[in-house]
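Order as written gives the chain letters A, B, C, D, E and F; numbering starts at 1 within each chain.
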Amino acid sequence: MSAVKKTLVVEQLKRGQMNELLAKGKRLDGRGLLEARELKVFSNVIEKAEGSARVMLGNTEVIAGVKVSLGTPFPDTPDKGLLVVSAEVLPLASPYAEPGPPDESTIELARVTDRGVRESGMIDVGKLVLREGKWVYAVFVDVSILNVDGNLFDAVSAATVAALLTTNVPKYEMKEGEEPKKTEEKIRLPIQTIPLAVTMARIGDYLVLDPTAEEEAVMDARITFVTDDRGNICAGQKGLSGSLSVDQITLAASTAKLKGEQVRAIVKQGAGYVQ
Amino acid sequence: MSAVKKTLVVEQLKRGQMNELLAKGKRLDGRGLLEARELKVFSNVIEKAEGSARVMLGNTEVIAGVKVSLGTPFPDTPDKGLLVVSAEVLPLASPYAEPGPPDESTIELARVTDRGVRESGMIDVGKLVLREGKWVYAVFVDVSILNVDGNLFDAVSAATVAALLTTNVPKYEMKEGEEPKKTEEKIRLPIQTIPLAVTMARIGDYLVLDPTAEEEAVMDARITFVTDDRGNICAGQKGLSGSLSVDQITLAASTAKLKGEQVRAIVKQGAGYVQ
Amino acid sequence: MSAVKKTLVVEQLKRGQMNELLAKGKRLDGRGLLEARELKVFSNVIEKAEGSARVMLGNTEVIAGVKVSLGTPFPDTPDKGLLVVSAEVLPLASPYAEPGPPDESTIELARVTDRGVRESGMIDVGKLVLREGKWVYAVFVDVSILNVDGNLFDAVSAATVAALLTTNVPKYEMKEGEEPKKTEEKIRLPIQTIPLAVTMARIGDYLVLDPTAEEEAVMDARITFVTDDRGNICAGQKGLSGSLSVDQITLAASTAKLKGEQVRAIVKQGAGYVQ
Amino acid sequence: MGKAGGDSAALINEQGLRLDGRRIDELRPIRIEVGILRNADGSAYIQFGKNKIMAAVYGPKEVHPKHSALPDKSVLRCRYHMSPFSTEERKNPAPSRREIEISKVIREALEPALMLEDYPRTAIDVFVEVLQSDGGSRCAGISAASVALADAGINMRDLVSACAAGKVAGQIVMDVDDTEDKEGQADLPIAIMPMSSQVTLLQLDGQLNDEEFHKAFNFALDGCRRVYQLQREALIGKYFGNNGGNSDGGL
Amino acid sequence: MGKAGGDSAALINEQGLRLDGRRIDELRPIRIEVGILRNADGSAYIQFGKNKIMAAVYGPKEVHPKHSALPDKSVLRCRYHMSPFSTEERKNPAPSRREIEISKVIREALEPALMLEDYPRTAIDVFVEVLQSDGGSRCAGISAASVALADAGINMRDLVSACAAGKVAGQIVMDVDDTEDKEGQADLPIAIMPMSSQVTLLQLDGQLNDEEFHKAFNFALDGCRRVYQLQREALIGKYFGNNGGNSDGGL
Amino acid sequence: MGKAGGDSAALINEQGLRLDGRRIDELRPIRIEVGILRNADGSAYIQFGKNKIMAAVYGPKEVHPKHSALPDKSVLRCRYHMSPFSTEERKNPAPSRREIEISKVIREALEPALMLEDYPRTAIDVFVEVLQSDGGSRCAGISAASVALADAGINMRDLVSACAAGKVAGQIVMDVDDTEDKEGQADLPIAIMPMSSQVTLLQLDGQLNDEEFHKAFNFALDGCRRVYQLQREALIGKYFGNNGGNSDGGL
């Protein structure tokens, strides 16, 4: 019990210190409030995967791999390919991560990433059909989180998108009445836009961009917006048990658009992507 | 530990008080030993379901919904449709209910309800076949228990039966070599009889009909019989860790027949069922 | 905590006593270091199974049953039948066994047994094909462990092999464009060799054959080799948290070959197997 | 979100009316009842369009296991669940990833309004059961749960009121229903504490440019405030009026 | 239960004999062995027709986790399980809903006979493993478990003896086997404490009118009493006789 | 193991070279990096042919639940896991029976080298994540984990070094890769503590006669010793050299 009390006291002290700094427009690691950490994107790191990327956002590190197989479309969307994004915080990524099925936070992380890709129309799933109602491409993006230091949403989004940008899928030969036959030829995924997440944390009265684990430990609320390269907001998610004012949401949305452009440039370069 | 002792003492007191009352032919809520609580049956409460019913038995409240889909018959019964009854005690139904997969008591509840419907031949499953060995109707009855106040067996049985009585399934057009095609036309399920459960509890030397949660807390054994409208007993289940005499079982069986008729009238009326 | 300490002291005493005995070439139950317990093999004990055997190795007792059904081959081995070995330490087998899915030790046990059968080529899986890529025999060996007294590896191996040796599978009639049709005729599995496991335990500096539960409680490492009747070692597995010297492994391998012949004779006789 | 164009234009007709006859800034019919479940410490039933949802609260109560209790406040737990018969196709009763995420965001939408610090070392359980689903079930569930929390007598800073806006056939509309959600272009569910206008839930699926986003956001805020009035009326009706219970058994 | 008529008539021939040659009031061959598993505190093996079932008892023993112990009596726990090779088609080893229900009714069938109050704060585990299944495996399992409990030295008021009756080809018969269960019209398994004639298990599937129910009930009671004799003989043989163990290895 | 003959002869050409150009006694290219994960107490990355594997160590640390702690030593726990994208066909992220077995043998391969008695009442967690798999991932994982344990400062008697030998196209070869594993005739992975030559892991799949077994065993021992040199160099480089980290981000 005394251990719990100590934690609370230490946390209060930290929160106090951070608020003092934020009032001066500064953060513990020296960044400005709307300044992100350095983002590094390396692609094709897993040769066996159809696409892959390793992303470092400060000390947060993730790897996304894309596997593509033949699949059967859902009965209610016979004219669309399959796209599934999953994530796992590997137990080697943090002293707090546990092996086992994803917890609610990791499910939320994967689902928000999935929605960003899906709702933006990044992949033209209508072109992933080999024979309507019967054979489609099934695209699985799996993200393994290797080191946790805050803002998994943006790191996982960047890795997912970079991995998809580098993905080559086998071309199939389709003959009437026969199963699809894999050929040696590879084709790119039908990319339509490049959606990326930008996340801010509210600590007391301040919104900060790209929070570290230390900042997340004291943040009150989290807000993520995914923007595409056509001026749209494609996904949004408020998180945690604090609230946000209407103005804070407006600020987060406009920041996401601005900063999203910068992230997009790095991701495209890291993925070697030329439209 | 003292909490446990107190509970035991209180329980003993309650049991004592109840036995005194029962010896006078009375119950805590004023009913006679073979008197059931008021049963209310409302049907078609869930428009999206193919059939549904809400049942209140005193303060016990349950909703049954029927979903019908196309299915494949079991290999050893190619000439029979599918019928599955499931139940969940929702965590909002009681301070003791836990979210999660059904426990042994809820599994027993669903299986006894299922057997009553199945063994009575309520639904002529031979008529649920669209193409033998290939396409059949799959009828799923799910019962959500909303409030627990004793005698779930009879409430779940009444709700299940009422929901089935109101069920309309889509008619399918069957063409040689083609998959079944859903039409707008609706047909009733092929009803053959109306089976209903009647449950009694043994408390000390007495059998009481339709026990409340308070009575169940002190009951020694439970006995359920399902009777149909053709004079048959179709299912039976003794529950709990006490025993029953041969005479008590005989009494329970004859009571189930008698009271079953009354329940049947209410269920038919609530379901708007005319043979 | 005192309970834990007592256990440790008792264990140390036992270990000391056992080491003293082993130094004299003796064991607690009077056996020599390289002497196995009596092995009894009874076959066809489960008439409903396609093959079965009950094996007693000292007080260790297991039953293996073989069920054979029609299956679909794996896409990457369309020309091979299916063979799966599973094991369960039934909770009635030991005060330490728990109901539930197999733990890591039981998974290891089943997988080593499976590898012995598979890698030796005991069953010619190429002959278990009814129609390439479509219909094959699926052979399931399940081993129920009834009483645990050490050396499950060898008992499970013997029971699995004996059950397979006695297995009769239904012959199927294959007509172009039709599903396989079961006939009354029975055929034997295509047996190519008879692989059997022989296990030794290292206790201190000594290797002992066929350890009892008492010996396993103090053993440092375990080594199992599976040999066939053609002079090959087909599978091996070192277990537990101790190490083995190169010489000890060499001894274990040669012992496995020698003793394997004796085990093979008993298993063949118990299974009534004539090549 | 469905096809970003296509035949979705038919979702709004020339008169500016939607498929179910609503104007673009009109809510679906809403009915809220308070205290209808006997065992729960607090409960509410909401009909929101075709949504039929029960919410119940148990607590503050002892926490099991004890080490998951907090020394300075109550632990809020939340389960959003759909009955198997609540959807077009039967829903598997095991919690889906969607239900797990929605349970989380509902909890986080309610927590800012609750004075959990008044109940240290306890737990408060909120159960939201969707008996029939339509578009916007998470918003309807939050609104019902918030009323159930008030009915349970939990100390609250404010109610929480929720409503979605969306983009349908190129237009921003209030309160998206099932068909509009599936065929439309964007869905923006939010929840607020109406007295302070603090936002406690925000999600967005679809494609909105800046102008559309702000318009939709304001529509949703407005919807929340209308829901708030109905929540207040229901609570006043229960505690000061005479329309208690659901005696006629209809859902 | 199968077709309520049809070709099931062939289940009883003109001589009144059943498919396996039994009369309508005849039990299948039964063999009971006591104490055949070394590690268990008590054990029994039963062959009941083609049923081959092991039962074992561990306890009274410490309870984990401790808070599930009871202050005034032992906790009885029971698992009925079928080995994967015990059935016509391979059975998935994970417990089915059927096995979970049967585990419950077996526990409730045994508990009235046990003086659990003699062992407060402990647990007694009963494991019933079906190595080969035939109709009536729950009854055979109860009968074996009851002998295993006696073998474990647990204080008992009485043994528990179980047997089913049923309706086959329009006639009430004793002790329904697998084919009769599948093709017949009703199955009524019961368990009793023979000295007091108290019924500790009763289940019914099928269709029986009043008269049939009472006839079947009496057949089942009679069957239980015959099983009781064999249970007693097996226990006497083990403890006072010379037919211990299962030295020939045959099942 | 695959076809015990067949077209596997092509796995070694007339010059005695293998498909990837190696001689029969040659290891695949190996690269080891130390301390590349920030949060872990110790970590290592290994490339072993096409294997790309991360190993991380957390501990010694408190044990939860407490009753699983040991009074006289640390509890070593180990998870070997393959990322879904690490294999030809996507791997289901839930642990397979194969991964559970390999986690066990890796733990047992590492434990003899660890002075767990120096850390009573604690736990040490070892996580091995296969980002890309090739033949021999368990050996590569053990070698990386052993380096990560050293990096975490856990007291060790020795490193643990692992390598497999096998039989391919009738010949005994060192360090079997994926194709050789699938098409070859035997695989013999071992792990040793190099200073004492004690064997801590041995598994065998396939068919080897006596002579072949001994030759393969010696090949594998030799491979372990070569891996040992690379492990030492990596640790020396990290702690005494200047090639720290993985600053270029390449895997």
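Everything that follows uses one rule, which is that contacts are C-beta pairs under 8 Å (C-beta built on N, C-alpha and C of every residue); 3 or more make two chains touch, one makes a residue touch a chain.
These figures come from a predicted structure and were not determined experimentally.
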- Look at interface A-F and say which pair in A-D, B-E or B-D is its repeat, using the rule that over half of the contact pairs are identical by residue number. B-D
- State the chain with the largest centre-to-centre distance from chain C, centres being mean CA positions. D
- Task: Taking CA centroids for every chain, report which one is farthest away from chain B.
- Result: F
- Whole-Å separation of chain centres (CA-atom averages), chain B against chain F: 58
- Task: Compute the distance, rounded to whole Å, between the mean C-alpha positions of chain C and chain F.
- Result: 27
- Cα centre of chain E to Cα centre of chain F, whole Å, reads 52
- Query: On chain C, where are the residues touching two or more other chains?
  - Reply: none
- For chain D, jot down the residues that touch at least 2 other chains. none
- Pairwise touch network: line, ring, star, complete, or other: ring
- Task: Could you walk the ring starting from chain B, turning first toward chain E, and list the chains encountered?
- Result: B, E, C, F, A, D
- Item | Of all residues in chain C, those that touch chain F in their complex | 1, 4-5, 8, 104-105, 107-108, 110-111, 115, 119-121, 223, 225, 228, 231-246, 249-250, 253-254, 257
- Across the complex, what residues on chain F touch chain C? 1, 4, 71-72, 76, 97-98, 100-101, 103-105, 107-108, 111-112, 186, 188, 193, 196-210, 213-214, 217, 221
- Show which residues of chain C lie in contact with chain E when the two form their complex. 40, 42, 45-49, 52, 54, 56, 59, 61, 63-67, 69, 86, 88, 90-95, 99, 101, 140, 142, 144, 146-149
- Query: Within the complex, which stretch of chain D touches chain B?
  - Reply: 37-40, 43, 50, 52, 54-56, 58, 61, 79, 81, 83-90, 93-95, 125, 127, 129, 131-133, 249-251
